[in-house]
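Please find the structures below.
Consider the two complexes below, in which subunit A is the common component and subunit B and subunit C are the respective partners.
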Partner chain A sequence: MAGSTLRLYSYAFFLPAGIIYILFFIAPTFLSFFFSLTIWTLSDWRFTGLDNFRIFFTEPSLSIGLRNSLIYAISTCALKVVLGFLLAAFLCTKLKTRGFLRSLIYFPNILSTIAVGIIFSSLMHPSHGLINTTLAFFGIQGPDWLGNPKMALFSVVLVDVWKGVGVAMIIFIAGIQAIPQHYYEALSIDGGSSFDKLRYITLPLSRSSMNSVIMLAFIGGIRSFDLIWVMTKGGPGFTSDLIASIIYKQLQGGFYGLSTAGNVVLFIIVSIMAVPLYRSLTKVEVDL
Partner chain B sequence: MQRRIFSLAAAAVISVLLASGAYAADRQKIVWLQWANDAQQKAIDAVVTAFQAKYPIDIEFEFKPGSAEGENLVKTRLAANDMPDLLTYNSGSLFQVLNLEKNFVDLSKEPLAAKLLDSFKTTVAAGKGFYGIPMQPIPAGGIIYNKKVYASLGLKVPRTWKEFTSNCEKIKAAGIVPVIASYKDDWTAQLLLLADFYNVNATTPRFAADYTANKAKFATTPAALRGFEKIQEVFTKGYINKEPMSTTYDMAMAMLASGEGVHYPMATWILASINSNFPDKINDIGFFALPGDSSDKNGVTLWMPNNISIPKTSKSIVAAKKFLEFFVSAEGMAAYMSVGAPDGTFAVKGVKLPDAVFPAVRDVLAYVDANKTAPALEFLSPVKGPNLPQICVESGLALKTALECAKEYDRDVEKQAKQLMLPGW
Partner chain C sequence: MSRKLPHILVEVLSVLLALAIFGVPVSYVVTNAGKTPVAAAQMLIAPSATTQYLKNFSDVIAASNNMLVRAFINSTIITIMSIVLLLAVSSMAGFVLDRRKGRAIAWINFLVLAGLMIPPAVVPTIWLLKSIGLYKTFLGLVLVEVALSFPFSVLLYRGYVGAIPRELDEASFMDGCTGIQLFVKVIFPLMKPVSTTIAIITSISVFNDFVNPLYFLPGSKNVTVQLTLYNFISTYVNKWNLLFADIFLISLPPLLFFILFNRKIVSGMVAGAVKS
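Showing the complex of A and B:
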């Protein structure tokens, strides 16, 4: 008797949050699977089978988003891991200005992405932007960062890395500081150099923080939207469109079914990538 | 004594309260959902002020963003039955998707119906009724150009595309930018194609109908394909400015006004902005229709003015109708023109334009008087693909061939037609 009261009592606590979670998260998620198979407006719908998915994968202006999102996610992820790790290793040494440098590198992350995008689009202006005027001072003709179809995506990748590398660095610093000092002492007694310390102790033992960084950066990259939208709107043409910006454009165009289908595709991609990525990465973790 | 003063004071306070209450009850308030930063806002404010002076009705503005963002907002508010009393919106295909018969008040039985041009009414019509009044003068699409540069280089207004390109060569040789491209605001990239529709219509009159019925395509209709080709040609021949992807509409306007650039494919809605930003340059600006392939078939593509409509959910339909009547009345039109010369003719019958219209408007009127006009495609067909701006940029930077762009746009259009559930798709 007392047990069942207790059980009901505990469910009552779950109720307010549960209702909100079901209403605004679980229900829309499952409804979207259905609506991705229809052409719908806010008041009406018509079943069309897998048509939306066919359009999404066959139309070049849509499927380019898949490719670009992968390029974007992989390159931001790789750069954040490498740069974040090196910065963290460097800023864990006994440097006088280390606190200052850490906050300096973390600082861009507290800025709003929209503000960063606006600032960089003016810095990257081909003739009046600060970057190219500086390059011109040294006699270098800077490229059209955001206007050149071959460069636009990578320019945004660079800005994303500039903004996000601080978080990667902080995670790495936490991981590196958790490594017990006696490993390093043992290595220096054996005559290892600082590079050996980095290669044989710091790198393998910060594997778990590296996993977190890879996961966060990759998933963040694949569903990234705001920066590209502010800086290029997917342009020139469609050359820097990501899945998310394409979904948004379909929504703006009033193609609710198509944009729901795009979201389902994004959901599946993120799940497919996140699960095995997480598995394979956690397997090689080393116990401290 | 004290008590008496108190009661007197109380009486005074109460009577003031009553009076103001009565005043507020006398004046009705209606809300108008209007675009933020509309180029015509000054003229509209003048009409509103005149209306408020005449009737005990106050108009309050609520502002919405432009383009797709604003469209989403309106669609959502319509679905949620949360519309104000007046709405400004694009006429033609964009307005048509709002399910007019269900959502808006029919104006065909109102006195104002007799005052409006039929060509306008068809763009806001559905079933037997029509649902909006024109909010601005009729914009015309073509080439806005700098007359001063034309005069100094001794150029003549071109009537064919060939003459146009030979003018461009001469301008380029003089070290001036012949054609301004402002692809950072990508909607501006499509004007060259959209304004070319007079030429499409002149050679292929059935295009609009066949296109709506899924029988004609941009890629397979040579005259329609020319639009994409022209956008590409001005790039491959080196006529456009450097850094088109970093040039905005506002920068383009400054280039045109200063004579740094000579031709800008645009519509005459830009004139009001040029006039307020560069008032001393407005007389240097002229207009000519987008040149086609033969000189005897050359005319201007007209946009239909944006409209003001009354959502059915409004609680002040009578007051809102009063405002629409006032807007198109002689008094309303006079108030509209009191802040400056309008940038085109009105879709309202019997409105006399002041003599001091801008030179570019005079150029447009010459085409209108000669009856050389055609409405833009979006007013003849509900089918308009939302990705046209980006596709035009692709063509305009030669990222793809014109034919590939046309094919891509045909697929984009297919999505729109299916969403509208049109027959034949």
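Showing the complex of A and C:
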């Protein structure tokens, strides 16, 4: 039976998608390995070995991107996991307004990143911005969120979390809702507190959602470009440059080989991160 | 349980806190989009006594030869083209990916999963688009958008086809259906819920996309809404009222989708994130 229907599933169905995917995603990825080793003018190239990578890691205005991208990815990821989990656990309790709250928290996700960047550039204005005037009302001197080199990257991280925590929350909610109620009932009979429920049932049984959130948030963070570009352009100076903003700056400057080397660095980081995460994801599926 | 704040207080406090954090930035846009430049420069959230919404909107729309109108048309065309092509190619691919097994399929699955994570290589893609004459064209951008959205949507389709019983295929085969007939007449109509979800999610992500138009569709002739907004930042220095009026206008389509399809968007997000 299966043999006879197999001819219904011709690989030709895969062909249109395959061509587009290979031509506009896979091929450029493979080409990037080659062109990252060249000085490239788009019409012509000259092989230079690992020079681009040497420049990328030694030139301070470029290597800072690697450091910042890691800081950015780790901190947005950590905040989204912690806040997303707590919000989800809270909004899975019997709250009358929970539907409204979920929608409200998810809402920023449908705004464009550019719009969010502009809104927060205004809210974070050092003297007039709503955040600092509110802080001043309580007698606190707010920082220059985007103008202070020590602060700028962190400020953008907060905005990224503001925009993206709703997605983390929704994924956690899906995981928490799949936990059978009788686990909680059993724990209440044994006299467990609400905190015990969170600690010993909700948290461990949310592991597979947590893996998804970590993976999405980390990879989103390490690739991140548009928010930093609209809010600081990598500034002040190069202090908040990310790998992706450097890739774009080199592209604008016509250093195509160098720009592509940045892409390859990003590829390597993502691959290193993806392998253990992918393993843990497939392992969880076996557990279930 | 036990030692608690009165229930109603918890509700009120959490709503107030959420409104302060997530509602304030939005109402800030709404009130400031209608202010005079001088009033908007004060950066207050309170609405001013005199509003000029219509004037601000028409100023933004008329700016640089009706650039925003052109951008809306361009973004709409690009979004629709991307959705149609994406649905067509990924539904077919998802069908085969679920129904067939074997080494080739394992490889394809691996490449698809890799595509969820690996960042696209910018300059090589530009170079490729240039060499086939599609750089700075709508079609070029659409093809890139489809290639980048493909992994997510094909996984949704594959998961969905898995729930369609194979007996249906066999019955159609007995009735003399070819593979194409089976797909077009039986499978694709059954996929309607997941197709809707993907169409909605893609419409928001492509309409809101800034990065890919910036890379692959530069130039003022082909602007998209997000590029116009970005360009307005330098045009409208210190004219926050117009910037916010622009944000207000270009956020309306996604907002409308969000209000209409809230549940679809959220369920699709979850399915994509958890299944992958």
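By definition in this document, the second predicted complex is superposed on the first by the 268 of 288 C-alpha atoms of A that agree within 3 Å, B and C clash if a C-alpha of one lies under 4 Å from a C-alpha of the other, contacts with A are read in each partner's own complex, and residues count from 1 in each chain.
What we mean here is this: a contact is a pair of C-beta atoms (placed from the backbone, for glycine too) under 8 Å apart; a residue touches a chain by one contact, two chains touch by 3 or more.
Fair warning: this is a prediction, and the values are worked out from it, not measured in the lab.
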**Study point:** subunit A as common anchor, with subunit B and subunit C clashing or fitting
**Key:** fit
Exercise for review: Give one of first, second, both or neither to describe whether A:60 is in contact with subunit B, with subunit C, with both, or with none.
Suggested key: first
Exercise for review: Figure out whether A:251 sits in contact with subunit B (first) or subunit C (second), or with both, or with neither.
Suggested key: both
Exercise for review: Check whether subunit B or subunit C contacts more residues of subunit A in the superposed model.
Suggested key: C
Practice item. Examine A:119 and indicate which partner it touches, taking first as subunit B and second as subunit C; both and neither are also allowed. Key: second
Exercise for review: Please indicate which partner A:200 is in contact with in the superposed arrangement: first for subunit B, second for subunit C, both, or neither.
Suggested key: neither
**Study point:** Which of subunit B and subunit C A:259 touches, first, second, both or neither
**Key:** second
Practice item. Return first, second, both or neither, reflecting whether A:42 touches subunit B, subunit C, both chains, or no partner chain. Key: both
Review point. Looking at the overlay, does A:146 come into contact with subunit B only (first), subunit C only (second), both, or neither?
Key: first
**Study point:** CA minimum distance (subunit B, subunit C), superposed complexes, angstrom
**Key:** 5
Point to revise | Set of subunit A residues, in rising order, touched by both subunit B and subunit C | key: 42, 125, 251
Exercise for review: Please give the residue numbers of subunit A that touch subunit B in the complex, ascending.
Suggested key: 39, 41-43, 46, 48, 55, 59-61, 125-127, 144, 146-149, 233-239, 249, 251-255, 257-258
Revision key, fill the gap. Note: in the complex, subunit A contacts subunit C through residues 1, 4-11, 13-14, 16-18, 20-21, 23-29, 31-32, 35, 40, 42, 90, 95-97, 100-101, 103-108, 110-115, 118-120, 122-123, 125, 128-130, 133, 162, 167, 170-171, 174-175, 188, 193-194, 208-209, 212-213, 215-216, 219, 223, 225-226, 230, 244, 247-248, 251, 256, 259-260, 263-264, 266-267, 270-271, 274, 278
Review point. What residues on subunit C touch subunit A, complex-wise?
Key: 1-2, 10-11, 14-15, 18-19, 21-26, 28-29, 41-45, 85, 88-90, 92-93, 95-97, 99-100, 104, 108, 111-115, 117-128, 130, 143-144, 146-148, 150, 154, 166, 169-170, 172-173, 177-179, 182-183, 204, 207-208, 210-211, 214-215, 225-226, 229-230, 233, 240, 243-244, 247, 250-251, 254-255, 257-258, 262, 265-266, 269-270, 273-274, 276
Practice item. Can you check the complex and tell me which residues of subunit B touch subunit A? Key: 68-69, 71-72, 75-76, 78-79, 97, 183, 186, 242-246, 385-387, 390-391, 393-394, 397, 399-400, 408, 411-412, 415-416, 418-419, 421
